[in-house]
Amino acid sequence: MAETLYERPSVAEVVTAKRGRGGRLHWTDIFTYVYLTLGVLLMFGPVVWLVLSSFKTPAGLIEFPPTLLPLGQISVDVEGYDKPLPLFRATLEDGSVRDLAQVRRIGIVSQMVDPADPETTIKVPIGQREPVREFRLAWENYKDPLERFNFMRYLMNSVIVTTAATLVTLLINSMAAYGLSIYEFRGRGAIMLFVIGTLMIPITVILVPVYLVVTKLGMVNTLWAVILPGAATPTGVFLLRQYMLTIPKDLIEAARMDKASEWAIYWKVVLPLAMPAIAVLAIFSIMWRWNEFLWPLIVLNRSEVYTLQVGLNAFQGELDVQWHYILAMTVVTLIPVVLVFAFLQKFITTGIASSGMK
Amino acid sequence: MQKLVRGLLPVSLVAVSLATSATAQTELRMMWYNDGIEGEVMQGILDRFEEANPDISVTLDVVPYKSVLESLPVQLASGQGPDIARVTDLGGLSQYYLDLTPYISDPSYWQENFGPFLKWLDPQGEAISGFMTQLTVTGPYVNKTLFEQAEVEMPGEGATWDDWATAVVEVADKLEIPIPMAWDRSGHRVAGPAISMGAQMFDAEGNPALVDDGLKAMAQRLYDWHQDGTMSKELWGSVSGNTYLGANEDFANAQVVMYMSGSWQIPQFADKIGDAFDWWAVPAPCGPAACTGMPGGAALVAIKDTEHPEEVGKLMDFLTQEENLAEFYGKTLFIPGHLGLAKGGVEFATDDPRAKHALETFAGAVPTISPIAFDLQGYVNNRIMFNALISRLGEAIVGELTLDEAYERMTDDVAKQLAEKGRQ
Amino acid sequence: MADPATLTMSERLTALVALPARMVFQVLEYPLMLIQRLVGIRGMPWVFLLPNLAFFGIFVVIPLFINFAFSLTGGTQLFLADRVYTGTEQYAYLFDCGNYLDPTTCREDRFWKGIFNTSVFIFFQVSFLVLFSLITALILNQKIRARGFFRAVYFFPVLLSPVVVALIWKWILLRDGVLNAFLVWLGFDKILFFVSPEWAMFWAIFVSIWAHMGFYTLILLAGLQAIAPDLYEAAEMDGTSRERVFWRITLPLLWPNMLVVIVLALIKGVQIFDEVFVLTGGGPGTATQFIVQYIYNTGFTQQVQNFGLAAAASVVLGVVLFVLTMIQLAVTRRRDNG
């Protein structure tokens, strides 16, 4: 549906009209398609690579050059051995190549048997054999860490935090934006200055003071500690206010004539008109809260209040970087983002394009 | 404020108000981080404890290690910490530890079996605050298979760092291995070899004196090795400050001939490398003064602010029972931090000969550790020294500072931080 | 209201959310009417501002004051009352330099390295970010096939968390990563990207552009769509070349949006932290250690958590940001008037 929004006669149509009349391609036309193709590769490629890699075994991950698809070594059951043995393609001394199963490796020599003939042991230098592999997804990268902790709980917490924080943000930001855009009053300039001033303070630099405040309010280890501090986003106020400024004043005057209260004007007249900007803020708020990491790490240290981002990182130890888990868990945190994006993509892009950022 | 909050947000309250639960059961919180499977092993022991003590429940809060290092100190300072925590900054946090002496059944058992480590937790007094979940010893691993393939003889007992450097470069040259030698990017790792070279770490009055000729001798070698390719700049030359980086992945991938790390890598290597090649722990190489690694480890400590010291004492008693600790160390492949068990030997749950050999090597190295290394490990502010060492040496290696400037900065960093800490 | 059967997905979603929201607003209507009667219409803006200002006050303004107070104290205590008053000592320490243009002559060399690195980063990052956003917006503004899809392609990294962005790229850029595999395949040697200061800075800039470009592209796109088509028609009649149309019509009319983009990018650039921290760790040496990372390290990752010095550095950063804010304000005001 949203696509139709673009179908109004656009600038580009006029500019590129030549093409329709059979003129030859301008250099910018070729450039356009080259740029777009490269763009898709560059923007999607890394994420696709991440997903593919997350299904590789630890051994597969440290291979160079990396294989495109996740592969796993084939194991075969050999008579006389309890466990399945790994299969290799070995080059023998006489130059012949055979698929052999490895019994054990001693130093630089590996003892192998032919699965068809388990009686005779063949000794092969380890440089002369290569694992035989097949396409296999290493689901254990996902299963192991997810089984280790209460995934549903963390997911719940994240959903609660994201939803509650977004609702609070939308309500108080839209109220503030309404106050700052509809009324002319003394102090308005000062407050705008203040809002924009706080727009630029990265929370990282005031972590400790905010922690102190949260401690004094008794909110440590409750979800409130992650919901409330970031609720009054200056970005949100700024964005909504810029948009509300474009709403015709006559509408508001007309409503006042009809004896509507200010609150009614706010939610019955202005809010519906500001929907595109509110949608944008909602989406950003969801993303911010969903992705928040540093702050929850400091205020939440009890597992029942962990958010997904904290929980999924809990397996990172002192001495070990386990890429297979890191990649898999990164994919897990990506899934909701992708879903939101897939469903709301048109909403998001048209929303931002048509909202107050102009 | 709380009221205002409730008034503002009647939505979704139900699930949020988890903070307080009013049951008769006492709940203890244990903050924990994982390098391997130790969390699962601990959970198993905790389950047994809960069965035996139905009035106490223990929750294991597994956090990222980063949290233990960076958030826990702030939480403790504000009185918001857990009841029990697994920490590695043993002395630095000691002001927050609880003295368990009145709450445990047999303090003499603790003194007997944890004696030397209790001092790491409380350098001043006689307090009993916790026990070592893991004793670590730093030392190198080599890829023995590569030595065999290159037909280079491995330096034996008493070999110096220089001998090893020569040997690993020869192996790497013959087999085209990209990284002859790798060290963890950690001041703790450098300290042992520096002491071997004659570094004293403290002056006559016992005050920290990081930079001396011994340390310079080791630092110079590390610098040279990075310049001539014996070591790759990937570990020490990338990242800044005191960020830890390990070469375990590269070693496991046979990209490294010799890897200076420590005993904690054993379970991981057993799991990841298996029998793909012979990873072999070797005794700490020598310098003119000693052949020493650094001791270290993680401890489970009781926190002063707990509201249930009795129960904490009970739990700690349970956890330190010989059979429980034996199970814990045995399954996790950790070097026991319990003298009785260390003497009697722990049944390690592995049949990998490499892992067994490595455990023996590291456990056997404990008596050879230099007293200076023990003093340094027991020194409350040792992390200040380690951080200054690694961050400035790293900057010298990438060429931002000369070595002499780096020494000067190290001394200044330590002095500045000690002064800041001394301002109370 | 439209016939329910013809409602689209997003309309249905909106309706679902709207119902409880409507009830909440309805319930609040009566108390707020009372308030309006009490304070009069002149007081109403303050009523609307109150909740937001209260949150600001508690979670931003109070911490800012505490932060300032921290900067005048020393020691390792967390609570202000326990800390030692040191006056401007922390500031004096930060500014203790032999020569301000050479960080190595400063006592706190890493602070100045941070400022220097951040400046370099901002200069390149903002220039190329604006350039590529502009090119992308111009291209997406044309009548091309699957425009919605391409728009989405460029936008989606905006939604990823900085940590995820950094991990994705780190995984690609490692020694045995896929980019080096590609280089080897082309016949080049492997490059250790995180060992070379120039490469590390390049990738820090590249990755942050990759992650944020989509957002700025959309702002510029909105500006492009607002340009009246008749201007182009007229140019077409005169047979003006496309290049000329761009320089004479598009760029001047797009300038207000360009300014917004430049200023926003500038502010975000000063705040850069998570992405680069996870990607390069600030290295090699201190080559990509930026000012916010310096503050974080000083306050958190050292054994002696030096809140005082970290606070002093963040106050200095705050002053810099304030100046940038003033510039932005001047710019927006001129734009609003013009």
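Going by the order they are written in, the chains are A, B and C; count residues from 1 in each one.
In this text, contacts are C-beta pairs under 8 Å (C-beta built on N, C-alpha and C of every residue); 3 or more make two chains touch, one makes a residue touch a chain.
Because the structure is predicted, anything quoted here is derived from the model rather than measured.
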item: Most widely separated chain from subunit B, with each centre as the mean of CA atoms; value: C
item: Chain occupying the middle, per Cα centroid; value: A
item: Which two chains share the largest set of C-beta contact pairs; value: A-C
item: Chain centre separation (subunit A, subunit C; CA means) in Å; value: 17
item: Approximate Å spacing (C-alpha centroids) for the pair subunit A, subunit B; value: 33
item: Euclidean distance of C-alpha centroids - subunit B vs subunit C, Å; value: 37
item: Multi-chain contact residues (two or more partners), subunit C; value: 51, 58, 78-79, 176, 300
item: Multi-chain contact sites of subunit B, meaning residues that touch two or more partners; value: 1, 8, 70, 74, 78, 253
item: Where subunit A touches two or more other chains, by residue; value: 62-63, 208, 212, 217, 228, 323
item: Subunit C-touching residues of subunit A, taken from the complex the two chains share; value: 1-3, 6, 9-17, 26, 28, 31-33, 35-36, 39-40, 42-44, 46-47, 49-50, 53, 62-66, 171-173, 175-176, 178-180, 182-183, 185, 188, 191, 193-194, 196-202, 204-210, 212-213, 217, 228-232, 234, 237, 261-264, 266-267, 275, 283, 287, 290-291, 293-294, 309, 323, 326-327, 330, 333-334, 337, 340-341, 343-349, 352-355, 357-358
item: In the complex with subunit C, residue positions of subunit B that touch it; value: 1, 4, 8, 69-70, 73-74, 77-78, 89, 92, 178, 232-234, 237-243, 245, 253, 381, 383-384, 387, 394-395, 397-401, 405, 409, 412, 417-418, 420-421, 423-424
item: Parts of subunit B lying in touch with subunit A, wherever the complex brings them together; value: 1-2, 5, 8-9, 11-12, 15-19, 29, 31, 33-36, 39-40, 59-68, 70-72, 74-75, 78-82, 88, 144-145, 148-149, 184, 244, 246, 248-250, 252-253, 261, 264-265, 268, 272, 275-276, 278, 298
item: Residues of subunit C defined as touching subunit A within the complex; value: 8-10, 14, 25, 28-29, 32-33, 36, 41-42, 44-49, 51-53, 55-56, 58-60, 62-64, 66-67, 70, 78-80, 135-136, 139, 141-144, 147-148, 150-164, 167-169, 171-172, 176-178, 180-181, 184-185, 210, 215, 218-219, 221-227, 229, 232-233, 236, 242, 245, 257, 260, 267, 270-271, 273-274, 292, 295-296, 299-300, 307, 310-311, 314, 317-318, 321-322, 324-325, 328-329
item: Contact footprint of subunit B on subunit C as seen in their complex; value: 51, 54, 58, 74-79, 84, 86, 104, 107, 109-110, 175-176, 192, 194-195, 197, 200, 280-289, 297, 300-306, 308-309
